[in-house]
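Here come two complexes built around chain A, the first alongside chain B, the second alongside chain C.
What follows is the complex of A and B.
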C-alpha cells in the first residue's frame, strides 16, 4: 500500500502542472540548413532540424550529462570497448507507420560506412584500423563490433539518427517528435508532430505536447531578440551577454543563464616554424616563460566583469567547469600577477627599459593580436588585454580582420603573431577535441600538421590523448585527460581566458524549458516543452 | 556673408578648435581605461561619462574629431586631384584616353567599393601603427573616390574645349601643360571646389561605415566611426544621451559643409 502511494505521488509529481496540449512553438534558425539528411548534418541549422525530427539509440540527458535509453531500452559494452549490444524498444514506428527494427539500425550503419559520406557523426564511427560490423540477432537485438576499443562508446550514439530500411520515404521517415511538413527555402520550416512518436505523457497520451514547431530563418541577432520581445517567437537558443542584460531589464523572466558553457575564449601565439615571422618573435612565442608571463599579466576577472558583464567564468584550461566529469578540479585560473610575470621574464633575459619591455636580443617586445571583426565582446577583450600587457611593457597592436582573412592567416599563410578567438565544443567527451590536441592535426592551431611532435610536451599530449581514446575504463581515461589539462595549464599553448556563460531566452508562454550547456541548449527536451495554461500558442 | 554661412563657419570653428587643442584640454588620455568607472554617467571627472571600457568620452570625442576632420579633407583633396587629372585628360587627350576613362570609371563605380575597401584594408600589414592605419584608410578612400567627380570634371572640361578664350589662347600659340595649367584649370576651379567640398562629408561617413564594420581606424585610436559603433546598443543611449555626441557632431559638420558648399555650387 505504501509503495502504491509513493508511486502515485511520483506519477502525480511528474505530470507537469498546468500543461497544455497543442500550440505552435516558434523559433529562429540562423541560416538555411546545408542538408536535411540526418547523417550529413554538420552545422547548427542542420543539427537543429536533425535533433527535432530524429531519434537515437541512446540520448545524452543534457541536464544530468548522462546517457539515457531512447530507441534502445538497454545496452552492454563488452570486449574492452570493442563491442556493444543493444536491446531495442518494442512497438516503435517511423512517422509513416513503418515498424522500427534492428534491420534499420544495421541499415543506418551501412549508410554510415559509405566512403563518400563525410560528416562529424560518420567520422566519429570510423577507424583507420578497419570497418565496423553489425550482427542482427532478432528484430529487437543487434550487436555492433568495432575494429578497436572505442572510448566513451555509448555517448557517441547521441548524434546518430536511425533511418528506415523499408520505408519508401527513406530518410524522410523519422522517429523523432516532429516531421518536416513544409519548407520554403530561405524562409521557414514548419514541423508537425509525429503521430507515431513513441514517448508518452504520464497519462498515456503520445508526446510531444506541441502540435507544431515553426522555424523561421533569421540571420540578424537583433531582429531575433526584437521578435522575442514582440512575442513573435518563443525561444532563442543562444544570446549574447549584452542582449541577455537588455532582456533582463525588460522581461525579467525571459533570459536563462545556465552557467559556464563548454566554449572557451583563448589566445595563442604562432609557433609554426615556417611562419614568415622574424626569428626573435619565434623565440619569444616558443618560450614557455614568455607565454606564462603574458597569461599572468592578463586580468581575467576584468575580462569577465567588463567584456562579459559578469556572464562568464575565468578559465583554467581546455575543459570547462561545466563538464562535470572531465574537468580537472585541481586547476584554477592563473592569478593576475604582473610582478610575477616580470620576474619570470627577467629569468630568461627580458628587461624593462623605461616603460617598454626589451627582449634578450634588444628588441622592444611588441606583437599584433588578430581577432575577427564585428564581435563586440571580443573587441573589448582585446582592448583590455592591450592595456593589461602595457603594464608589463608589452605593446600590443590590435588587428580585427574579417573572418575569411583571419582563417586564411591562421590555417594557410601563418602570417600572424597571436590570435584571440573562441572554440566551439559540442560534446562533453574529450575525444571530440582529438583534432585540436594531436600534433599531427590541422586544427592543432599554434603549430598545425606537425610530421612529428615539435616538443616533448606535445609528444606527451599525443600519447595521453591516444591512450585515453583507446581505453574503455573511465577512471583511466580521466587520469590521462587530467594530465593533459595540467600540461596545457603549465605550457599554455592556448592561453585560456574565460568560458562564456550559456545564455538562452524563452518567452513567458512556455513551461518545461530546462536550459543546459550542451547543444541544443534550450530545446533538448522538446517533447516535454509545452505552453503554460492559458498561454496562446498559435 | 549670410547668417546661415556665418553660423556654419562658427559651428565648424567650435568643433575644430577644441579638437585641434585635444592634447591640452582633454581630461584624460584617450586610451586610458578607468576600470572602476565602466559606462559611468557624466561627472566632474568625466564630463561626458565613460564608455564600456571605462575610457573618458570627452577625451575620445576630442581626439576623434581631430582625426576625422583633418583626414577627411586630405582624402577629399586627393580624390579631387585625381578626378581633375583623369577628367581633364579624358576630355583633352583624344579618343583612347576618353575611352579608358569611361571604362575605368564605369568599373570603379560598379564595384561594391565597401567590399573593395574591406579587402584592401585586410591585405595591409598587421602591425601598422593606429595612426598609420588611419592615414592608409583615408588614402584608400581618396584613391578610390575619384571616379564620380572625374565624370563631372570631364563634362566641364569638354564643354570648355571649344570655348572662345581657349581658342584665342591656342591661336596665340599656347599649348600643352601651359594651356592646361594657365587656362583650363582656373576655369575648372569652381567645379573642383564643389567636388572637394561634397567629398568631405562623404569620406567622414565612409570612415564611419568602416568603423562600424570594425575596420578602418584601429583601437585604441578613436574616430567618429569607432565612436558611432556604440549607437548599436540603444539601451546605452537611454542611460547616457551623450553617447549621441559624435552623431550630433557629424550631423553639424555635414550641415555646415553643405551650407558653405551651396555658395560654391552656385559659383560653379
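What follows is the complex of A and C.
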C-alpha cells in the first residue's frame, strides 16, 4: 500500500500541469535491430525497441533506482527468495485490445524456458538447479517458484516483456506506450502510440503524451550530432565527451551530464597460464606488486582531464559511485605515486637501469597494450598510459585492433600482454556481473574458464559472489559485495581507471526529460516526455 | 569466373583474424551455457568445405545463406538494400555523365575558351580526393548523396571524353564542317559526338564499376542503407555468407555492365 502511495505521488509530481499532447519524437538507432522479438533482444537497438513497446511486471525507476509497480500492482517475495507472488493490474489490454491476464505471464515464462532461446533476459531467469514453475491463482494473481533462492529477484523483472497468449498478433501485440507501425529496413522505425496503454495523466487521459516516435537508423555518430543541431532529431541517448563539448558551445541547453555512468574503463594483464607468452612476462603479470605498481603509476586525473575533458570520474573498483546502494564508499581511486610504484617493484626485484626498468631476471620491462581501434577516447587514454608508465621505465607498445580480432585474442588465442577496454553494465545489481567474477566463467577476462580457482583471492571472490547470490538479505549481500570490491581493489586483476560520465543531449523542444545513468538514459520515462509549449513536434 | 571470385573472397575472410568470434561473447549477462552455444554456432561456419557445400547447394535454389551478424537471410538483406544502391549509382552516373560530357563537349566545341583548362583543373583536383572525403563534404554540406557519386565519376568521364572529343575536333571532317559554317548543335551532335560514341559506350561500363565501388565509403559515411553499407558491416562482422553473396553480385554487375557496354560499343562502331 505504501509502495503504491509513493508511486502515485511520484507520478503526480513528475507530470507538469498543462503538458502539450501530440507530436513525433525523433531519435536515432545506431544499427538495425537484430531482432524484434522482445525476449530475444540482446543489443542496444533491439533493447530500445523493446523498451519503447513493452511493459514489465516491475520497472526500475531510473531516477530513484528503486523497483516500481508496472503491470503488477504489488508483489511479495517469500521462501528466502525462491518464490514471488504477483497481483496484476486490472483492466489492462494489449495494443490489439486483448485483455492482459496471469495466463499471459505464465505463457511468457513458458517461452522463456525454451532451451533454444539464448538471450540475456532468458539467462537471468535460468538456474542450473532446475526449472521454474508458474502457478496461476486467478486472472490477476500468479506465483512463480524458482529452484533456488534468487538474489535481487524483483529487479530481474525490469527487462522481461510480457507477451500475449491469446492475441493472434503474438509478440506484435504489446503492452508498452508505443507499437511498431512502420519499418523500412535500414532506414527507420515508426512507432505509433498504443491506444490501449494503461497509464494515464492526472486528468485521466491515456498516456503517452507523444503521438509517435520515429527511430532513424543512423550508424554515424557525427551525423547524429549534425542532425540534432539541424533540429532533425530531438534526443541522443549517449554522446561522446568531444560531441558534448561541441554542443555545449552552440546549444548550451542541449547537453545533459548525469554524472558517472555504470561503465568503467579498465586495463588488465593476461594471466592465462597457457597463454603463448614468455615465462618472465607471465611472472610479471601474475605478480600483485607489479599490477599495483602499474596502477599507481597511472595518472587517472589526467585521463579524466585530457582524454575525457573532465567528463569522467576516476575509478576505484568495479562498482560505480553512481550505483548508490552497491558502491563501497570506503574505497577511493588509487593515488598517482610513481615513487611508490618503484619502491613496490624494487621489493620484488625489479630495478631501474638508466631510464629502463629491468625485471629480476634481467629483461627490460615492456609490454603491448591492445585496445579496439576506432575509439578516439580510448586511443588517447592508451597514449597517456604509455607516457605515465615510461616515467617508471616501462615501455608500452600500443596495438589497436578491430573488434573481432581483439575478441579472438582475449577469448581464444590469449596472444596478448594487456588489454584496455570498457565494460558495459546495464544492471545495478552485482549479480549481473557474476560471469565476470566467477573464476570458472568464460568472461573472467584475465584468466577465464578456470577448472579450479588459480589463486586464493579468486577462490574467496567465488565464495563471496555465490554467497551474495544465495542470500535474500540485502544487508548481508552488501557486506559480501563490499568485500569483493576490496579484494579487487587490492589485487587489481582489472586496473580500474575511470567511469565515463553518462552524457546525453536533447533539443530544447522537449520537456519531461530526466537523464539517468541506466539504459535507456534519456527516454526511460518516454510515456511522460512531451513537447514544450509552442514547440513543433512534427 | 563469377564463382571463383566469390569463393576466393570467402577464403580470404575465413582466414581473417577474429573470423569465428561473436561480439556477444563479451556480454557478461549471458550464461556460460549460452556462450558455449554461441561459440559452437560460429565454429560450425568455420569449415570452408562445409560452407561451400551448403552455400552452393542453397544457391541452386536461390538461398544465399543466413547472416549471423545481422540475424537475417542474406537474400532478404540484398533485396532490401539493392534499390538504394541502384538509385545512388544510377542518379550519380547520370549526373556525372551530364557534367563530364557537358564540359568535354563545351571544351571541344569552343577551343581556347578556357573550358578545357578549367575542366581539367577541376577533374585533376577531384581525382586526387578519395571518395570518402567527397562523401564527408556532401554530408556536412547537406547536399544530395547521389551528387557525390557524380562527383567521384566526373573526372574519369571528363578526362577520357575530353581527350576523345579533342582528337575528333582536329579530324578533317570536323575542320571542314567548321569551315562550311556548321556550328552549334549540328556540329556537336553530327560531327563531334557521333564518331567516338563507341569508345564512350565502353567508358560507360567502366564508370558503372567505379560508381559501384565508390558506394562503400559513401554509403557508410552518409548512412545510406545500401549494398555498400552492408558490405562494410559484413566485413567488420566477418560475415561470410553476406560477403560471398556481395562478391558474386559485384562481379555480376561489373561483368554485365561491361558486356552491355561492349555490345553497345560494337553496334555504334558498325559502319552505316
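Observations
Note that in this section the second predicted complex is superposed on the first by the 521 of 538 C-alpha atoms of A that agree within 3 Å, B and C clash if a C-alpha of one lies under 4 Å from a C-alpha of the other, contacts with A are read in each partner's own complex, and residues count from 1 in each chain.
Just so it is clear, a residue touches a chain if its C-beta (ideal position, glycine included) is under 8 Å from a C-beta of that chain, and two chains touch if they have at least 3 such contacts.
Predicted, not measured: the structure shown is a model, and the values here were computed from it.
Aligning the shared chain A places chain B and chain C next to each other free of steric conflict. By the touch criterion defined above, A:226 reaches chain C but does not reach chain B.
In the superposed model, A:246 lies in contact with chain B only, and not with chain C.
Once the two complexes are overlaid on the shared chain, A:405 sits against chain B and chain C alike.
In the superposed model, A:185 makes contact with chain C only, not with chain B. When the two structures are aligned on the shared chain, A:423 is found in touch with chain C, with no touch to chain B. Once chain A of one complex is fitted onto chain A of the other, the partner contacts of A:382 are limited to chain B, with no touch recorded for chain C.
With chain A used as the common frame, the shortest Cα distance separating chain B from chain C works out to 6 Å.
In the superposition on the C-alpha atoms of chain A, the part of chain A touched by chain B in one complex and by chain C in the other spans residues 401-402, 405. Interface residues of chain A, counted against chain B in their complex, comprise 242, 246, 249, 302, 305-306, 366-368, 370, 373-376, 379-380, 382-384, 386-387, 397-402, 405, 415-417. Residues of chain B that touch chain A in their complex: 31, 33, 35, 38, 52-54, 118, 122-123, 126-130, 213-215, 218-220, 229, 232-233, 235.
In the complex of the two chains, the chain A residues touching chain C come out as 32, 34-35, 42-43, 118-120, 123-124, 126, 185-187, 217-220, 222-223, 226, 230, 401-408, 411-412, 423-427, 432-433, 435-436, 440-443.
Residue ranges on chain C touching chain A, taken from their complex, read 16-38, 70-71, 77, 80-81, 84, 139-140, 142, 220-223, 225-226, 229, 236-238.
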